[in-house]
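Each of the two complexes below includes subunit A, the first together with subunit B, the second together with subunit C.
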Partner chain A sequence: MSANTSSDRDATPCAYTDYREGAAAEDLPATGEDATGLEADIWDALYGIEDPEMPISIVDLGLIYGVYLEDDTVTVDMTLTYSGCPARDMLTEEVKAEVAAVDGVDDTDLRLVWSPEWTVEMVTERGEQALQEFGLSV
Partner chain B sequence: MRRTRDPSVETSGDEAGATCPYCESTNTVREHPKGPSLCRSMHYCHGCEQPFEKFE
Partner chain C sequence: MAFDDPDTLEGRERRALETLVTRLADDQFVLAERYTEWQVRAPTLESDLALANNAQDELGHARLWYDVLEDIGLDEQDLVYERDPDDFRHSTLVERPFEEGDWADVVLRSYFYDAAEAVRLAALEDSAHPKIADRVGKIRSEEEYHLEHAQNWLERLADGESEGGDEDGHERLQNALDRLFPHALTLFEPVDPEREADIVELGLRDATLEELGEEWLSIVLPYLESLGLVVPVDIDEDDPEFTVTDDLLPDERGRDGTHTDAWYDLYDEFTHTYRELERSEPTKLMDTPQ
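Now for the complex of A and B:
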């Protein structure tokens, strides 16, 4: 690396990627506890999706960072436990399909986000209980 | 040649024992940093003599 680039403090791993900070980790994950109407139906659909390796809802696992409803279009922000998660396509496709199947939803947009990064802290209390019962220490 | 440890093996429960999900004992050892999936490590509980996994 040349002296010129190493002194560049704003340098990012990839020059072609737009890096943005996500919401504060303490405000996450989103669980939709205050959701009503169509939004509540969408959360119900998301709660119905389980992790392929453990009997825990992806919402309780803390993968969902936000659900935004604009007219009939739903935008779901979600993350994965690892960027190299082998269940990536399986989970994103299932989320898109389940949300699109909710009555009243016209369009579904899924944004895979990586900031803030997922940690075990994102698992909800109910999720911890589910994992414990499954025989997994959290 | 790799000079630093692969960061993917840095899982918890090595120094301090993880809590056993069956008997809640912390008298446990980590047997392997990775389990059947990327986000699980393998442990053994001396309290109830059972193997268990920890979610990372």
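Now for the complex of A and C:
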């Protein structure tokens, strides 16, 4: 899980990024820091969803790669820690339901994306604290 | 680019995509079905967990590939549980039953498969289909552990001979190799020659099956020989290029829809509960939510 370490950090940021390549790794995970209005409400809803096995929000775990709002339609780009994740349906259904329940959201679309692949580097600082309190060393 | 929007695909593109991805998914799904037979039967608790975990990864990968087919109107549940067994396109390597209790069989099979997987995934990294390219990295990084696991065990089993006394591991490996090698070669057999050409021409994959097969052989032959195993092919020292000929291949090749009898038994087994419970529709707790 320790791929994408030093060599990537030294790399020059890529000026051109398209959807196929996913967002540049240094911008991930998305955390909605600067979101306002309806978008901020959506991020609040996402923060409220916990990983099924650990007391950590899926946002702090680094699973959310993007939230895109167009009129009243929301698209969430999300990944999973590994491909055989048995909680896949449970988590994706929960994300769709929680986002759809936000006041002002009309339509929700969820895209599972796999690049760049999730590694433990995606966990936010707050996520690391939560995991440490839980007894995991990250 | 056509593959960005699956709704616009023409017949030829659609068929090439279906051929490529069905093969990837079926290999992974059937291999996982076989791996799970080792649960609570592997030689140690650690190896039991490792193989169970690999099986779970393979199911995850199968699902990532079946997902891609969903865009062209094919449904995962239909593909796994409603499809005629003759329409599965996996290699016969993954459908063969294990010799009873033969851990060397699963270790070698896993090596053959994971080495091939590394080669063919590399050829998909720059696929013209964005969803395929998006998934390759994740799958590759998980498969790397499988390869490491297989090689780790292969080396220990092959060592059986040199440590004296216990030649069992080495002998079992050689027997498994003699049985499995022809089936491993089917990994690179065509589903349909025309569609295979389309897969490369349309940029879905950047190497032909022949090229993938040659690369695989250039990796596995020297490695297995370095372990003191004999691979049943004659390689001319002056002309080391090795070609797969018909007499090296088994009668059933999987890719073309022909399968060994063991496949039909396995199919009956994994679809048994589904049929018995009439699971043609997902179970609902209530007719209408209240």
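What we mean here is this: the second predicted complex is superposed on the first by the 119 of 138 C-alpha atoms of A that agree within 3 Å, B and C clash if a C-alpha of one lies under 4 Å from a C-alpha of the other, contacts with A are read in each partner's own complex, and residues count from 1 in each chain.
Definition applied: a residue touches a chain if its C-beta (ideal position, glycine included) is under 8 Å from a C-beta of that chain, and two chains touch if they have at least 3 such contacts.
Keep in mind the model is a prediction, meaning the values are calculated, not measured.
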Counting only touches as set out at the top, which of subunit B and subunit C does A:105 meet: first, second, both, neither? neither
Quick one: is A:120 in contact with subunit B, with subunit C, with both, or with neither? Answer first, second, both or neither. first
For A:95 in the superposed arrangement: first (subunit B), second (subunit C), both or neither? neither
Tell me the contact category for A:76 with respect to subunit B and subunit C: first, second, both or neither. neither
A:132 contacts which: subunit B (first), subunit C (second), both, neither? first
Now for A:84: first (subunit B), second (subunit C), both, or neither, which partner does it touch? both
Touching A:53 in the superposition: subunit B (first), subunit C (second), both, neither? first
Both subunit B and subunit C touch subunit A; at which residues? 82, 84-86
In their shared complex, at which residues does subunit A touch subunit C? 3, 19-20, 22, 82-86, 88, 112-118
Residues of subunit C that touch subunit A when the two form their complex: 56-61, 63-64, 67, 130, 133-135, 137-139, 141-142
Can you tell me which positions in subunit B touch subunit A when the two form their complex? 13, 18-22, 36-40, 43, 52-56
Using the touch rule from the top, collect the residues of subunit A that touch subunit B in their complex. 53-54, 81-82, 84-86, 120, 123, 131-132, 134-138
